[in-house]
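The data blocks that follow each hold one structure.
Note that chain A is present in both complexes that follow, paired respectively with chain B and with chain C.
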Partner chain A sequence: MIKYLFQSRLTRIPADIGLLLFSTILVCLPHLLRLPIWTVILCVSVIGWRVLYELKQVPLPGKYLRLSILLGSLAGLFISYSTLIGRHAGSAMLVIMLCLKLLELNKKRDALVIIYISFFIIITGFLFDQSLYTGAYMVLVVWALITTMITYNHYATKGTSVQATIARHFKLAFILMAQAAPLMLLLFFLFPRLPNPLWGLPADAHGGQTGLSDTLEPGRISKLSDNPEVAFRVLFKGSPPAQNKLYWRGPVFTNYDGVRWQTDKNSLSLTRLDLDNQVVSNPVNYQLTLEPHNQRWLFALDIPTTVPERAILTNELQLLNSKPIRSVYRYSVSSALDYQYDMTSVLNIESALSLPTNTAPKTRQFVNKLRSKFKNDGVLVSAVLDHFRQQEFYYSRNPPRLYADHTDEFLFDTRKGYCEQYASAFAVMMRMARIPARIVTGYHGGEINPFSKNLIVRQSDAHSWVEIWLSKRGWLRIDPTSVIPDHRVENTTDLLQRQSREQQAKFLLEKGWASNSIRQLRFALDSIHSHWNSWIVGYDHQRQTNFFSLLGFSNFSMLHVGLLMAASISLAFFIIGLLLFRQRKTIDQPVLKAYEKFCKKLVRCGFEKKPYETATDFAQRVALKRQDLKQDVLHINSLYNQLRYASAPSRELLLNFKTLVQKFRPTQR
Partner chain B sequence: MDTRSTDYYQSLINSVVDHIGQIILGKDRAIRLALTCLLCRGHLLIEDLPGMGKTTLAHALAKCMGLQFNRIQFTSDLLPADILGISIFEQANGQFNFHPGPIFSQILVADEINRATPKAQSALLEAMEERQVSIEGETRELPEPFFVIATQNPGHQIGTFPLPESQLDRFFMRIRLGYPNQQAERELLTSQDRRELFDQLSCKLDSQALSELQDAVKTIHTSDNLLDYVQQIISFSREPGNYATGLSPRAGLALLHGAQAWALMSGRDHVLPEDIQTVLPSIVNHRLLPISGIHNDDPESHCQPLLEVPIP
Partner chain C sequence: MNHSLILNYIKQSQMRRLSRLEKGSICLHRLNIYILPSRQGLFFALIITLMLIGSINYHNSLGFMFTFLLGSLAVIDILHTYRNIWRLRFSPAHSPPVFCGQTMTVPLKLENYGKPTREELCFQFADDSEQQIFDIEESQFQTIQLQRQTTKRGLQPLGRIIVSTTYPMGLFRAWAVLNFDHKILVYPRPAESDRLPAESNSNHKTTGSLGQGSDDFVGLRNYHPGDSMRHIFWKAYAKNHTLLTKQFGGEQQQQLWLDWQLLSGLDVESRLSQLTRWVIEAHHSDVSYGLRLPDTVISPSTGDSHQHQCLRALARFGLND
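Presenting the complex of A and B:
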């Protein structure tokens, strides 16, 4: 019997183990979605096993089986990731360990270990995703975990149902979190942010980020076309330019090997002087908040005229940051929408003309024929564009796959393509006609959020176009996709893709597909996301400096920040202490007052409490003589004892006590 | 350690009390007080007239705790070596070998402690305080837990050496059994011999369970209001004119600790004034010296004025 009692399973409140399982599942869920399938099966079956044990007493695995599952899963992880460290393997290992711990959950200590590991796993979630949704989900999970912790540390109150107990614990956990929130905010905003991080994230920490890549081959951009993730947000100083001017310049591709376009690794950095020599007008200034894409390039409207800090401008007019963008990055830049730039002095025109030999013989034939007809470069360009416009070329998100020579096959067989096929074919044709040409990728368009006045550019806005060089005119942007008439766009979504957002919304409204309110909601959400990004995820040294200057501390050092933080926290603790001190006083005095009232009422019935008599003795004395008062008197006494002598009596109890005394009306005999 | 609800501890202790109650009839309160003492890791002195069941209670307690126990019958010719042990020269290997005495046990039942001479008494009482013994220049640890349950006859009996106050203070509690009530008396007379029942007594606790209970006692909440009450009792005992000597800080600690154990037994997680009042007599009576110093005064009423200290 002793053995049973002291080594017993956690059966005190049957619900606490349920609560623990519930929060464990919540903790693992976001990780399970990105783990290899075998770990998901393993974790689900381990949790299922524990549930079966709780419900049907199915025996748990023995020591050796547990050990072999552990070793097996470590081996599995090593096979899956070929390492046990790093972001993916590390978090997978933690999740598996957490689930396996459920199989040896015997004592309170084990439960607490599970809860503490869970807190750690929650944090690791931020290595994968830092969005507002993840943040909100994690707050909920923390809430569940704290509730579980409370349940494991509290005794069940007599006569309360399990549901009521758990509901009370949820409420208590909420209050705890609400009390901790000001401290958290204080620490978050005041903790000194260093200009450079103290330690780096694991090398594989940025693998999952989407965006444009440094090679262009068929299918690369169309893959992005149904991805609604935000690529970046722009805040214009002044009114935003017209939609058709919004070409966000990204990576530029000059080298072509017949299938794939690649960026020129040897591109040169421009000097300020080179830029000044160009003819630019119609400048716009704006601030751009870039989502991490794990590449060095920055986006700017065609063409950038200033260079953000720590970045360079290449001779292909591409902005490159000194380091890959791995967290939300904000920079100010200005662009000239009308421009003429030449820059032959710093540009190797030859590389913009080179083609692998024997590329696209049919196309070469076709171009030669055109060239003999039109000597003027400009006329030739319009002729090629006319060819796209007049012949049966289709615009499609899912064009047929190309097998043989990509350019020939596209121009003469399939005639269906997404922007990258058109850009590639057009650039190849230009080079055959000895007109320097290169492909520019980036984004086109964007939509204005009426709440934040931000322009939102999404991954689905990814686009590619061509730049050709004409003598006297310099580099000129040509967007061959734009000449395909609407009726040759394959389906409605593709059509929408091509149209500006304003037209899109009108179109949707006409069709009755989307109401205005949904659109409004989407914009409101995006506005929240934008604030989240700038104030929480992107809260860095720079932001902190701005924040302090907003508060009126313009000239400060990290030491000041530290002191300010320490002072605020001491103040917070002082206030908490004061409140706790007051609580004791404020509970104690009313209790005595109410009890006095209770005693006075009994004096009228002939019962006087002696000063040395304990409240219980007195109550029992009264109860013995007056059966009619017994219930009330004993109840009031038990509340009084709890209020006076139990640890941390609640205010509800006091209220309850006061009303009971109020209602207590003994009849005199 | 696994923390359990006070309900659980209460039921565990109740089962022990019921168990011992089958042997010692109608003495639940004395049994509970004795258990309180053990839960506070204190030593227990049972004082009563011969034939009241002192030894039986001590025996039953030891057996129910599931601890290894020894018993010494104190006599006037008992020597310290009979309690502590002795080194004997063995010819076979030419060395002195230590033979531990009965004190090396988890529960020591010291029967009729006041029949031994002060020399033997102090050998035991020193070991009680230090929880170790020094024999022939070597210090030996006593087992853990170590309890002494001593029984004694009231001081006025023939052939007794009364324990001095300083040594009485080493006992956490002194309890009396008193005569059984009518119903218990009748059952005692009609049922089988107590000694036969003894063999049926099974062990209800083990040392792990006991130490868990002892740890649980310390977690029982004592509110500021209660501490105020305890302090008023202590200062009353020290006011001139009330007692020859007041309560020592050790006595005050014992009072609070005992009340915590009593609260745990009553299934509460906090101490109430009635817990203090319940354990007060057995904890303070053997420590208080009344001003009159008259021996024929009932020592059990020494504490009465303390029980009339107003509760704040």
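Presenting the complex of A and C:
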């Protein structure tokens, strides 16, 4: 059955527009969660308008109204973002343009414009989020878009049911994508990656990456507290150290102005020699895969004895990368957990003692009283810690907000706080007692993934503690929150961090099988995420170089990469082509071939089959003129007709036919 | 120098191929299928390029992945588009003649040796902007009816047919040119006037009993192909399945000569148009009519084949094809 339509008829059936609207909504959905609320309202109402037009024929807005909506929303965007450049404003603009285009959807070309804008919206979405879930969701969106593209390229939908046609197009789009997948992967891994961007990027290009802050304000509420996102993953060479030794050092805060702690911007870089002079022992080797956090610092345990490439070690023992970490970054490092670090030569002791003069008068009084009691620094430190232990101090993630001098208010009033408040108060007290002190933030603990054997450290493991300097002992880590008894710890995560692995396991076992299987599932998922991050999201120039050397190309140039890419893609194209262009094995081809041979034999006797003649007409014409050939010709003809037109001709018949043609030897006259 | 020679050669060989007429059927294969990006495809390429530049600049891995997915889809689309017209065999069948200006239906026989179904096959005559789009369903032999506008009388060449497809994604257009050695017959456009020439009636009437008109039944004879359907004696057919033709008037029947000379004031095409109209009218009013052209004389008769013979003579008048 055949049906046709002329090109002049471009009006679409509602189902096609429905499909286009469906794809559009899928495309916009992840963006709508990020956009300003007025944009969301605008987009939803515009899509709703189009739906109403399709269902109830509510008239669409005219040209001038559309133009004024466009100009108005551009002005709105400029007010909201104070720019029209950059990923936030850019993606918002694309989403608005897409929705407005829905109002003037008349021709095939308009639908194509919508599909092409959708492609741009998808790719800007990846600037915000490159997780596995986003990737999987986008595969579905692309599937819907390709189906829409096929549907809009296909006019002849008359006749068969609309649902069947669209279902067929979904299937076809799936096939196309499945065939494109191997080519895509080849291109992805072989396309040469550049070490640097082509040109400068807009300022907001790398936002949306969570991590520790470079300032510390004990008065404000921590933003990270319950974020389960992974900060980094660690793979230890050998067995991992005990849980209570896992202090992942990040930014170090030395400068304090009474309200806010800040990192020292003028910290010095250490040399290898400086490190060798320190007493260190038993280094632990591990590989750390860091999620992007858009800051320069790298995390490591206590004292790093090796420094990763392109990074420096400061005199505050902080690892700093040469550039902010903007994509998943993997580095190997080894650390000493038992150490004596006493480097007065490069240490500016004064900055670790400085305090604004009028800070926390009540605390100063309290410290002075203690100081007069205990002359020894070590005894004084344990006296302060005892104070925390014995008095009713609570460790909480939701402490009351501090308004006045936060040290005084915390120590004598609220007595409830999270790690940063303890660390800050403790450091202030130390400095008041003339003991050099600084705050270190980073992560504490982590959990081992039984599937990948990785240690996973999450944002919720963020922690801060204090380092003090004692003469002859050097820098010493003090975690003031660790002295708070368990019953005064409110949060289970914090409680767990303080325990050994066996205790943790016991605690979790008590929680029952349901939460345990959820945990198992989470670990399995995490190991998938980890592979996704290292192989897909973090696949950059460095990883590509490693990948090529894994393949055996250690010294390669761009030309080699290009040739390898071209060759493998041609090969893949060829293989897919072979699969697509396989010839259908039908009985017709051998039949036609043999019949052709038969006709050729008759041509030699002066009988040519005319194009308009049927096989039977031709056979009868020959039979009439050549009585001697009559029997053979008619027999061959009847077999031919059976083979060509019977519902299911057998293979034997074909063989019989072939041998008859073979044996047919007409004599010329 | 060399360059232009090669270009020339390509151009000439292409011209040769385009102007070569195919007897019988044409099968589409790699030598006669062309494929190039459509305008939409070029735009798609531009978009992919922009996306690639963006991905390189932002070091965005999923951006790369997405760009390469779209690129690979376009590459796969080439294969699917090509396959959609590959291994199709076309041959034109006889198309019933029409009057000039009418739309002729040209049956095109189609044999399918490749992909079982063909979607969105677009047929277009080279001298006509109208595109005719077909979905071909699973069956090896079938016939599609193409519509052809007629502008000239005579035995006209069918003309080049461009068969093309952009299925599935519309990024590429594959096409082939079907140039059959096949002629279609177009009768002249009939004139408006529908009055039969009165003078010719008296001038060329043979003597006989005027009282008996053409309605006068004379007898029955066996049916010959070409006899008017209206003269078949259906009662006899209903009784014993023999086709008999009723005969009227015999020798005494009116004879009408449609003569070229009657229209001396007009130019050639107008005369032909007028004569065509007369032939139609005469055929409808069941008079025995003959046609007299400067180079042909067709003696008076009736019936469909007689009408066809007259119209054919009019169509081909003055044209040597």
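One rule holds for everything that comes next: the second predicted complex is superposed on the first by the 528 of 669 C-alpha atoms of A that agree within 3 Å, B and C clash if a C-alpha of one lies under 4 Å from a C-alpha of the other, contacts with A are read in each partner's own complex, and residues count from 1 in each chain.
In this section, a residue touches a chain if its C-beta (ideal position, glycine included) is under 8 Å from a C-beta of that chain, and two chains touch if they have at least 3 such contacts.
Small disclaimer: the values here were computed from a predicted structure and weren't measured.
Check whether A:Lys107 is in contact with chain B, with chain C, with both or with neither, and answer first, second, both or neither.
The first partner, chain B, only.
Where does A:Asp588 make contact in the superposed view: on chain B (first), on chain C (second), on both, or on neither?
both
Could you tell me if A:Phe174 is touching chain B, chain C, both of them or neither one (first, second, both, neither)?
neither
Using the touch criterion from the header, give the chain among chain B and chain C with more contacted residues in chain A.
Of chain B and chain C, C contacts more residues of chain A.
Contact-wise, after the overlay, does A:Asp617 reach chain B, chain C, both or neither (first, second, both, neither)?
First partner only, chain B.
Report for A:Val142: first if it touches chain B alone, second if chain C alone, otherwise both or neither.
So A:Val142 only meets chain C here.
According to the stated criteria, A:Asn641 is in contact with first (chain B), second (chain C), both, or neither; which is it?
first
Just to be sure I follow: which residues of chain A are touched by chain B in one complex and then by chain C in the other one?
1-2, 5-6, 153, 155-156, 584, 588, 611
For chain B, which residues count as touching chain A in their complex?
That would be residues 2-8, 12, 66, 204-206, 208-209, 212, 221, 223-226, 269-274, 277, 307-311 of chain B.
Write out the stretch or stretches of chain A touching chain B in their complex.
Of all residues in chain A, those touching chain B are 1-2, 5-6, 12, 107-109, 153, 155-156, 158, 584, 588, 611-617, 641-642, 644-647.
Which of the residues in chain C end up touching chain A in this complex?
Spelled out, the residues of chain C in touch with chain A are 23-25, 40, 43-44, 47, 51, 53-73, 75-77, 79-80, 83, 86-87, 91, 113-114, 116, 119-120, 130-137, 140, 142, 144, 166-170.
What residues of chain A sit close enough to touch chain C in their complex?
On the chain A side, the touching residues are 1-7, 112, 116, 119-120, 122-123, 126-127, 130, 134-135, 138, 142, 146, 149-150, 152-156, 159, 169, 172, 176-177, 179-181, 183-184, 187-188, 191, 193-194, 197-199, 201, 205, 326-327, 536-540, 573, 576-577, 580-581, 583-584, 586, 588-589, 611.
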